[in-house]
Each structure stands twice: as C-alpha cells, then as structure tokens.
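Look at the two complexes coming up: chain A is in both, with chain B in one and chain C in the other.
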Partner chain A sequence: MKDKRMTLFNFVRGAAAILISLAVGTVFIFLTFALAEKHYTFGECLENTGEALRYMLIGPLFKKTGDFNTMGLFQILAAMIPITFTGLATCVMFSANQFNLAGEGSVMAGGFVAALCGIYLKMNTGLHAVVCIVVAAAVCALIMLIPALLKVKLGASEMVTSLMMNYVIMYVVLHFLNVHFADRSKGSTQTFPFAATSKIGEIIPNGSKLTWGFVIAMVFVVLTALFMYRTRWGYAIRMIGANQSFAKYSGMKVGGTIVLSQVVGGMLAGMGGGIEVMGRFNTFLWKELPGYGWTGVTIAILAKNNPIFVPLAAFFIAYLNKGCSLMSTYCNVPSEMIDIIQAAIFLFFAAEQFLSGYRQKLVVKNTRADLMKTAEGRKA
Partner chain B sequence: MFSQLMSMVLTEDFLFSIIRITAPILFAALGAVVAEKAGVTNIGLEGTMMISALLGMLVSYWTQSWVLGVLMAVLVGILLGLMMGFFNLKLKTDIILAGIAVNMLGGGGTIFLLNMLVHMKGNTGSLSSANILIPTINIPLIDRIPVLRSLLSGHSVLTYVAFLSVLLVWILLYRTSLGLNIRAVGENANAASSVGVSVNKIRYIAIGISGAFAGLGGAFMSMYYSQGWNSGMVAGRGFIALAAQAMGRGEPVGAMLSSLLFGLAQALKNKVTGLTGLASYNYLVASIPYIVTIVGLVIYAASTIRRAKRHRKASEEK
Partner chain C sequence: MEKTNTEYVVQMKGITKVYPNGIAANQSVDFNVREGEIHALMGENGAGKSTLMKMLFGLEQPTEGEIYVRGEKVHLTSPTVAIAHGIGMVHQHFMLVPSLTVAENIVLGIPPRKGIFIDYKKAVEITEEYAKKYNLHVDANAKVMDIPVGMKQKVEILKALVRGAKILILDEPTAVLTTQETAELFKELIHLKNQGYTIIFISHKLKEIKEITDRMTILRGGKSMGVYDTKDTTEQEISRLMVGRDVVLSVEKDQAQPTDVVLRVKDLEYTNEWNRKMLNKVSFAVRKGEILGIAGVEGNGQAELVEMLFNLNQPDGGTAEVNGKNILGVDQDRIRAMGVSLIPEDRMTYGIAGDGTIEENLISDRCDKKKFNIGPLFNMRAIHQESDRLIDEFDVLCKSNQQQVKMLSGGNIQKVVVAREFSSDPILIIADQPTRGIDVGATEFIRKKLVELSRAGAAVLLVSADLNEVIELSDSLMVFYGGQISAYFEDTSSINDEIMGEYMLGLKHQSEEEIRRVCHEG
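Entry: the complex of A and B
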C-alpha cells in the first residue's frame, strides 16, 4: 500500500514535470506567433498555437483526418535506434557517477569507423554488417579509455576531458572524411557508398528506415539491464555511484569499475552510431556532431538511469522530435523548440525536491495510517 | 613552411590576437573560478555565453548603444546563473544537469529566440554595425612603443575589463568578507553553516557572479570578436574555461595564465589555418586548442599528484 502510493506519487511527479515543460514550450510557441512578422490578432495567435500544439503532440501518430499514421509510428521507432543506445550508454556511466559526456563524439566516431569498414572490407552479407558494428563499438570503447584512465590515474575531471574530446573527435573525423575518404565526384562532402553486403536492412521494406537495428537496440536494452542489475560488475557500478567511499572501504575495485563503466558506455554509444549510419544512409555524410549524445543524457534522466525505462524515454523524445519537426514544417515554428522542452525536462525531472512538500504530506499520512493500524492491532 | 610559420608568429599582430582571443575565455574562466570556490561546478558557462551574446547583441541593435547591450548580456548571465542556483539549491537538481540544460538552451534555444525576436535564421548577419560594436581604446604614449603597444593598447574596452577582473576577483575572494564566506562555503559547507553563514545565499551570489562573467564573455564574442551573433560562435569556450579553471588551480591568476595558454593555442590555430601548403590539415589544426586543453589538464593533474606524493614523503621523513 505504502509503496504503491509512492510509485503513484513518482509517476504524478514525472507527469507534472513533463506537463510543465510542455507548458513552457507552449508559451514560446505563442510568443513566436505574437511576435511574428505578420501581425496576428490575439485570437489568431491562440488559434495558431493550438494548431502548432496539435501537430507537435498528436501529429506524429494521427493524420489530420484522424486516421492512425502507421508510417509515422515506423519513423518514430526508427528514430529511437541511436538515442536508445546513447541513452543506455549514459545510464551506465551516470550510474557510476561518471559525468562522461563524450557519447556525442563516440556516436560520430562509431558511425565513421563503421562506414569505413562498410566501404573497404569485402565480406558476406550479414557478417559484414556485424563486423562493422563490432569494430565501431571496439574503437569507441578504446576512445573512452582516455577520459576514464585520466580520471582514475590522475584525477582529471572526466567531464572536461570528454567535452574536449567531442571536439577533437569531430575534427579528426572531418579531416579523414575530407582529405582521405571523400568521394570527389559528389557535390557535397561524403564517402563512397557502402558495400551492399554491409547495409542493415529494414524489417519491413517500406522506406521508414526502421531497420533490424531496432531489434538489436531492444536486445541491448535487456542486456544492459541484466548487466546493471544481475551481475557483480553492474552492482559495483551502482554501488560506486551511490557511495564511492563506502564501495572503496568494502573492498571494491573502484578504479577498475569506473573505467569499466565508461568503456561500456563508449561501446554502446559507438554501436549506436554505427547502426544509425549503416541503417539510415548509404554513405557517411555527417559534417558536425549529430547531437544524439546529448539526447542520450535527456533519456537517461527520464529513465532515472534504469536501462529498462530507456525505450519508453526514447520513444517519448523521438515522438516529441517528430512533432517538433512537423510543427516547424506546417506552422513555421522552428524545430529547435525541442531543445527548450528538453531543457525544461532536464531541470524539473531531475529536481529531487520538486513537489517535495506533497511527498512529505504523503509520508506523514502513511506513517499515521500505520500507527493507527498497530494501535488497533494492540487493542484487539 | 616552418620559417613561414615563425615569421607569422613573431609579429606584433600575433601578440595582439592572443590577447584578443584570450579575453572571452578569461571572462568565463573567472566565472568558473568564483563558482568553484563556492563549491559549484558551473558547466552552463557555454550556454550562458551563447544566450547573453545573442540578447546583448540584439539589445545593442534595438537601442543602438553598446553599453546597454553589454549590460543586458550581464543581466542575462546573472539571471541564468540564478536560475541554475534555484534549481540546484532549492529543487535539488544536480548542478551538472542544470548546466547541461542551460547549454541546450544556448544551442537550440538561441536559434529559436533569434527567429522569434528578429525572424532570422542562424546568425544576426546584417544587424551589427560599427557604432554598436564595443569600442577600442588607444592608450597614448604606449601606442608608440613597439611590441608593448600590441599587448597594452588598441584593445576593446571589455578586453581591459577582462584582465582587470583578474585583480577584482582576487580582491573579492581574498580581501572581502563575502570572499571569505565564498571560500568557506566551498571548503566546508557544514562548517560555514555552523558559524551562521547562509550557505545557499552565498552560493546564489557566487553563481550569479559566475553568470555575470559568462555574460561579459558572451558580449565580447558577439559585440566585438565575431561582430555579430552566429550559432557556432562560442565553440566550446565555456568548456575550455572550465579546464582553465582546473589548470589554474582554481585561482584567478592561475586561470588567467591557463586562459592565455589556450588563447595562444587558438591564435596559433588561426595562423596555421591561413598557411598555404597546410590547407589539407585545416581540420586537424582546428582541433589543436581542444587537444592543448586535454594535455594541459593532464599535466596539471599529474603535477598535483606528484606534489602530493612528495609532500607525503617529506612528512614521513619528519
């Protein structure tokens, strides 16, 4: 009974945080119309805001006629693939209290390495794609050793190193893309196309880009959850995150575990980058950091660092992302709205004391009820 | 090629550009120093710089006054700092996450704001004009002495403010009671609290000051350095500032020296990018400032550990 109420409270709290974030977004959408070049009346502004909200919140899954948009659902599921991986990566690293933010760079590095394997290796269908992804994951795991070892051996802040590494990775990838691997016959900078054997195919070939990568992502959600909650390494990671000194004095290998959490994080992020590139595109054409790493942080926060909730959070963000891009296409509200909403989610969802007064009341009420019960029990 | 580079580096122009490039990093690094002294890691410097750069620039355009623009940038910086403070201190959001939120606002939110306020995409392009840029000051006499003149004369008002701020922050931290409280709160919040210092109040003040410095850095970027606002303008300077703070051992003068080192790296990058024959290495060269930052952090961390070891050995021998 007590636990049920607390779960309900946590649910309500999360919902309230999301509602507030959407409300903040709504205010900005309204302001966009109120300040638009074309002078709308107050009524028109409200009407346009309503229309924009409809596109953002209902548009991704329902057409204007009210019919269910199956293609939309496929596209949202497809968009979940990379951010599920970065979300998982962030969960593992943040669980150990390691604020490593190089997921962003890892996605780009992983994508690039996978692309190179896809272009220059010759292998059988199926095996080829697997090799691409494994190599991408391995390279990113190695990259993450840098901030991890610097943290453990020298005490250098993994946060600052990883932030700097994002830029370094971006420029190094751009260097090799532009100077060594560019297909000069094309107008924009891109690599040669991947070999057909290395492509990750769609589950249902309908152009939605919902590839088998989605299935791999879901498998890794389960694997990561098992790793975190059913192995001693996962336990050590969570223990160190909860109380590093306690973990140390109870004999855990703190350094090794910190390194492990970041290497696993890098592996997951790199895998996500590889799968995204090999599934969605035919050549490597990212010219800047793709942003999936930061989205991964939002997802980890929404999932409260629990891998099992990552798909749910990823679905929510992918849905909102789709909604924002629809809103920008049809209502001329910039799709960057998603960043404002995400920032608000960050602030409220991660706020431990948000609605704490209400929780206090709940605790008091529960305790009173318990006391009454024991008192009654004694009387009887 | 090397001689070409040397001849470019050994010019007054190069010295001048180091100072110019260092200033915004220094502002943000001082912001990081003040916050960190109070025990708050302000990772939101990057986003704060972006937002205050945009709003400062726009206010200067609307009012045609650079002073009002700079004041606006500072105000925005303070407000963002206090917002982070509110969420961290009152609602207990992790300070790192609050900072990332501010950075998200700085990344996408600014593009949204730009479109909302002046209906432009990605940059302010034509809005800035010479009269609303931060003016430069030529110091008489010094502007005739070679070498010295490029270090001391002809810089923007805010460049002088940046380097003077090093002194101001030092005075604030070590010669005022507020500074004593800030350091006490950062050193041991419980102890400070037990002698009647309001920890939260001090932290609000510290993060507000930190935001104000980031605001100045932002104003410098959009109203002098880039002469306009664009979405890729700050390019990690807020993060580099965090590294400068760490490398400078959290002290204002140390932060200035490490900011100068990063300024040098960036200036070198700008020079090398212009060299013919190196054109195919432009992207690698662009990563130099970030690599220098990592290397700098490593050297700093390694030296700290060695010093700690030596200290331990010395005390054991006693």
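Entry: the complex of A and C
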C-alpha cells in the first residue's frame, strides 16, 4: 500500500515535470510570435501559439482532418530505433555510476564501420547485415575500453575522457571518409553505396524507414533488462553504482565491472549507429555527430536507468521531435524549441528536491498511519 | 503561558520529527530547560535524543511543534541562527580540521583580521583568554591531529563559547573519554554551570547522569517519558523508564575452549597520511572458539587494524595470516573465500547499499555461487528463498525482501549486515562496533549470535568502544593505546572500568612478556 502510493507519486512527479516543461515551451513559442518581425496582434499571437501547440502535441499522429496518421506513427517508431539503443547504453553505464558520454561518438563510429562492411564485404543477404552490425558493435566495445581503462587504471574521469573522445572519433571518421572512402562522383562527401545484401529492410515497405531494426531494438530492451536485473554481472553493475565501497567490501571485482559496463554501453551504442545507417541510408553521409548519444542521456534519465522504461522514453522523445519539426515547418517556430523543452524536462527530472515537500507530507502521513496501526495492534 | 515561558531558557513544545525515510524519530516531545542547570537528555540509542538536539541546533527542522528560547518563539533554520540565539553544540564526532592548530580551529569562520590577513596572534590570544576564563586548558599552537581526544573536546567546547553560546548541547561527550578524562570534563562543566551557563547533556550512562546533572528528561522510542529531578530518582527507576523493562544485557556464555590459532598478526605497522604511526608492531593471535576483544579509546589504531585485515588499506609492514595463508593485500572475494567475515564499523559506507533492496544486500557476497545461478541467469527462486530464510532467521523487521534497505531502522539495517556476514560459515569473524547506535533488542540479538558462533567454533575478533560490551562478550581482551597493545587480559571476569581506564589512557602499560601471551606461541 505504502510503496504503491510512492510509485504513484513518482509518476505524478514525472508527469508534472513534463507538463511544466511543455508550459515553459509554450511561453517560448508565444514569445517567438510576439517578437516576430511581422507584428501580430495579441489575439493573433495566441491563435498562432495554439496552432503551433496543436502541431507539436497532436500533429505527429493526427492529420488536420482529424484522421489517424498511420505513416506518422511508423515514422515515430522508426525514429525510436537509434535512440532506444543509445538510451539502453546510457542506462547500463549510468547504473554503474559511470558518466560516460561517448555514446554519441560510438553511434558515429558504429555507423561508419557498418557502412564500410556493407560496401566492401561480399556476403549473402541476411548474414551480411548481421555481420555489419556485429562488427560495428565490437569496434565500439573496443573504443569504450579507452575511457574505461583510463578510469580504472589511472583514475581519469570517464566523463571528461569520453566527452573529448567523441570529437576524436568524429574527426577520425571524417578523415577516413574524406581521404580514403569518398565517392568522388558525388557532389557531397559520402561513401559508395552499400551492397544490397547488407541493407536492413523495412517491416512493411512503405518508405517510413521502420525497419527490422525496430524489432532488434525491442529484443535488446528485453535482453538489457535481463542482463541488468537477472544476471550477476548486471547486479554487480548496479551495486557498484549504488555504493562502490560496499561492492568492494562484498568481494565484487569493481574495476572489471566498471570496464564491463562501459564496454556493454559502447556495444549497444555502436549497434544503434550501425542499424540506423544500414536501415535509413544507402551511403554513409554523416559529417558531424548525429546527436543520438545526447538524446540517449535524456532517455536514460527519463527512464531512471531502467531498461524497461527506455522504449517509453524513446517514444516520448521521438514524438516530441516529430511534433517540433512539424511545428517549425508549418508555423515558423524555430526547430530548436525541442532543445528548450528537453532541457526543461531534464532540469525537473534531475532535480531531487522538485516536489520533495509534497513527498515529505506523504511520508509523514504514511508513518502516522503505521504508528496508529501498531498502537491499535498493541491494544488488541 | 507567559509565566512558563520565562521560567525556561529553552522550551520545545510538541515536537514531532518524521525523516524522509519515514522514521518518526520524535513524537510530540516536550522538552524544557531551566537557565543555569545541567539537564540530562537520556535514552537509549535510537530513542531520538540526537534528533531532538539537532532541531534545537538548527540542523534539522521539526515536522511539527514549536521552539522557544528565553520565551521568544524562534525558527532555527540553520546552526548560524541557533548560534545567534546563544545555542552551541558539541557533536559526538568532532567537527575539527585536523591539519589546523587549535587556535585556528577555534576562530574558524570568525577569524580576527589584520587587513586582509588573518591575525593569528590575536587568535591565539582569544583562545588563551577563553581557556583561562573557563578553566579549559588547551595548547593553542598544537595541531588538532596531535592532541588527545579529551583536549579535542575542550576545543569543541571553547569553539562554542567563543561564538557566544550560553546554552551548550553536549552529545554523548563521555563516549570517547576515559574515566579520568571524564572526571576532568565534569569539573569543567560544573565550573561553567557556576558561571551561569546552561548545559544539555546527552547520555545513556546512568552513573554519569547521577553524578553531574540537576534534572533529566527521558526519551523512549521517540516519546518523552517525563522530567525528573536527578537527586530524587534512583538508577533503577531511570533504567526502567529508559527501556521499559529491566534489561539484562549480560550475555550468558560457557567457558571458551579455544584450540588452534586461526588469525595470526605479526608486527603490523601503519603510518597514516598525516605521518602518525597508527599501528606500531602489533602482534596477536585469535584462536578457534574464542572471542578476543579489543578495547581502547577510538583512534588508537583499532579502525586501521580492521582495514588492513580486510584489505581496505595497505600496511607498511608486518604479516597477517588466516590458517597460515596471507590475507594482506588479497582481494576481498578471496579473503571471504578463506572464511573471513567482517561487520564493518561504518555500516552505511561498507555494510550496505542503501538504494538496493534487502535481498540485493543479502546476496552481495555470494551472487557468484553456483546455487544462485542457472547458466548466465540468476536463479531468482533460490535467491528469494535465501533472502527470506535470512530475514526470518535473523529476525529482520521488514515488509518484504524487496524493501529498500535505507528505509529500515538502524538496528534492522545492522541485522541485514549481520545476517549476510554470519551466514557464510565463517571461520573468522571480525566484528567492528557491531552494536553501535542500534536498539536494545537488536543489540542483544547480535551479541547472542556472536557468542553462539564462537562456541560453534568460529574465531571472533571483537572491536568495540563500548566498554561493557567488550568486557561482557570477550573471553580475553587486549587494550589498544597509541597504535600498540598496552595490555592483555587472558580472563575478562576480573577486569573493572578503573583498571581499563588506566591502560586505555596510557597511564599503565604491561610488560612485553605479559603482552606477548596473546600471540599464543609455544
């Protein structure tokens, strides 16, 4: 009973954080109209804001006519694929209290490595795609050894090294892309097209880019959850995150487990990058960090590091992204609005003290009830 | 109303405090102190004494209730506000900067200045002036890390006085003092009282309370059991009010039948980061079937010894072997595999992961065992069975094995630690302050278990700052002083506090031959 109420509280708290964030976003949307060069009247501003909100909140799934937008749903699910993987990766690393932010670089490296495998290896359909993804995952797992070993062996902060490493990865990828693998016949810098055998196909071929990668992502949600909550390695990762001294005293291999968490994280992020590139594109054409790694951090925080909640959080973010892009297309609101809203959600979710006064009241109430019960029990 | 307000210098009315973890530490407590008295706040560990005083010092906010100082309603939102109202507190664990001098510590935060520099000379002058005025003799120029515990306490008291405190809260001031130092402290407190200061004295030691206080308020289970004049109350009455029954904390135990040496420590040495020699050629042995106690004022090397034995720190020299196998510098999983268990002194740091569930905390040392794994996956059924069995056997009060450990009371948290450490069939148990800060029931339970295990053949090394506990439980006893063993008693039945005090304070030191008996060689 008591714990149920606390769970409910946590949900209410999350919902409140999201609502407040949306309210903050609304204020900013209103301001873009109020401060626009074309002078709107107050009424017009309100009307435009309403229209923009409609696009952002309802637009992704419902057409203007009110019909359900099946294509829109497919596109949102497709957008969930890479961020589900980076979200899972971040969950695993954050659970061990490792603030490794190299998920971002891993996505790019994974995408690039998968692309190269897709271009230069000759294999059968099906197997080829699997090999591409596996190689991408393996390479990124190895890359993550760098911040992990620096942390364990030399005590270098993984947050700093992993953050810097993102840019190292990006420029290394760009160097190889420009110098060795570029298709000179194309106007922009990109690789040669992937072999058809390596492509990850759409579940329903309708151009939504909702590929089998989505199914793989959901399978990995379950696998990661099992790994974290039903194996001794995941358990060790969580205990180290909860109290490293306790883990050491209990006899766990602290250093090894810290490395493991980051290697698993790199693997997941690399896979996400590989699947995204092999599913959505025909050539490798990223010329900057794709941003999925950062989104993964937001998702891990929304999901409270629990893999099971990652698809929910990923859906939410993908939905908002879609809404914001519709809003910027049709209503002239800058697409950066998504960043403002995300930042606000971030703040309220991460702020431990948000609504803590209300929580305390709940606790007091619960304790009172418990004391009454014991008192009655004693009388009887 | 007005009248009662002026009679008391401090008045706390209907104070209730519920912590964020749901523990109601105080329930409608009234607490009144007269000006110029020494007022005891009594109660067992966990009765809510410290919580009540934290609220008076502004460290915690009451959930309900009002506080009046000199008849004026106050909101003590922080220690700064409390100090402004003339309330000072000396904590059980000293809040001093070890690398600074006594004078620097005393003026910390309120330093006399000369331009932009701190006027150190003035700081020394202030220190000496106050020390003289209040008969609290300290060495103003000594570094805090070099002075004995008794003097540290005086520094803490001076700190409060220099900040203008008229009401002093002393949180278990004698817990870390020897008998002699305690006597000195009492003289100083009476001196302060005679100068018009009000002293609130937190303790659970009956004799001290009888000796020094005028009145007392007794807390039990977070509730006030009333206010009494000390001179009209007997120790038995106080004891009854405190615990609600006449607790017999003496544990029944048979004569020990020690056999082979399990743990042998030889010439263990350790110098800490401030260049203090914490362990100086310590040698001893613990035998199968006996409880070897280590008594001593805290900070004389006991904590360091335990850290070395569980590889939580590296010694500078010496050896330690369990059944002939080295344990120094060996990973904890291998130490545990050899059959060594540790109840750590600081249970919140080492003993548990507070955010984890009870179950997760119970299996932390055995999660790799075959029994709990099926291939790569956990055998959840076996794990649930194990945790339920331990919860049941060790009588952990909880809703289920999935409850967060930090939601439990101190005593139940310690039971979780003990359940894990005692259930791994240990051949050597190192118990460091196993009953510190927990309720009587849990204390009794843990002590009984310790005796049980030793009689069943485990070797037990017991470190405790609680003199009664260490004398009651141990079969034989060492005293630590200044990083050395200063005494060894083969039989604990003849020891009394007085003698112990002299060894603990370093006034007496046994001969090397006498001490060497603890090595049980030949």
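Note that the second predicted complex is superposed on the first by the 376 of 380 C-alpha atoms of A that agree within 3 Å, B and C clash if a C-alpha of one lies under 4 Å from a C-alpha of the other, contacts with A are read in each partner's own complex, and residues count from 1 in each chain.
What we mean here is this: a residue touches a chain if its C-beta (ideal position, glycine included) is under 8 Å from a C-beta of that chain, and two chains touch if they have at least 3 such contacts.
Model, not experiment: these values are computed from the prediction.
Enquirer: For the three-chain model obtained by superposing on chain A, do chain B and chain C clash or fit?
Expert: Verdict on chain A: chain B and chain C fit.
Enquirer: Which partner does A:A242 reach: the first (chain B), the second (chain C), both, or neither?
Expert: Second partner only.
Enquirer: Name the contact category of A:T231: first (chain B only), second (chain C only), both, or neither.
Expert: second
Enquirer: Is chain A touched at more residues by chain B or by chain C?
Expert: Touched residues of chain A are more numerous for B.
Enquirer: At the Cα centre of chain A, what angle separates the centres of chain B and chain C, to the nearest 10 degrees?
Expert: It is 70 degrees after superposition, to the nearest 10.
Enquirer: If you stack the two complexes on chain A, which partner ends up touching A:K253: first (chain B), second (chain C), both, or neither?
Expert: In the superposition, A:K253 contacts chain C only.
Enquirer: According to the stated criteria, A:M165 is in contact with first (chain B), second (chain C), both, or neither; which is it?
Expert: In the superposition, A:M165 touches chain B alone.
Enquirer: Please work out whether A:V363 is in contact with chain B alone, chain C alone, both, or neither, and reply first, second, both or neither.
Expert: second
Enquirer: For A:Y292 in the superposed arrangement: first (chain B), second (chain C), both or neither?
Expert: So A:Y292 meets neither chain B nor chain C here.
Enquirer: Looking at the overlay, what does A:F315 touch: chain B (first), chain C (second), both, or neither?
Expert: neither
Enquirer: Closest Cα approach between chain B and chain C after superposing, in Å?
Expert: 5
Enquirer: Would you tell me the residues on chain A in contact with chain B in one complex that are also in contact with chain C in the other?
Expert: None.
Enquirer: Would you tell me which residues of chain A are touching chain C in their complex?
Expert: Going through chain A, the ones touching chain C are 2-3, 226, 230-232, 235-236, 238-239, 242-243, 245-253, 356, 359-360, 363-364, 366-368, 370-371.
Enquirer: Within the complex, which stretch of chain B touches chain A?
Expert: 41, 43, 87, 90-94, 96-98, 100-102, 104-105, 107-109, 111-112, 115-117, 119, 235-236, 239-240, 242-243, 246, 280-281, 283-284, 286-287, 290-291, 293-294, 297-298, 300-302, 304-305
Enquirer: Given the complex with chain A, which residues does chain C contribute to the contact?
Expert: Against chain A, the touching part of chain C is residues 18-24, 27, 63, 310, 312, 331-336, 342, 344, 349-356, 360, 364-365, 367-368, 372-373, 376-378, 380, 399, 403.
Enquirer: Which residues of chain A touch chain B in their complex?
Expert: 28, 31-32, 35-37, 99, 101, 150, 154-157, 159-161, 163-165, 167-168, 170-172, 174-175, 178-179, 294, 297, 301, 334, 336-340, 342-344, 346-348, 350-354
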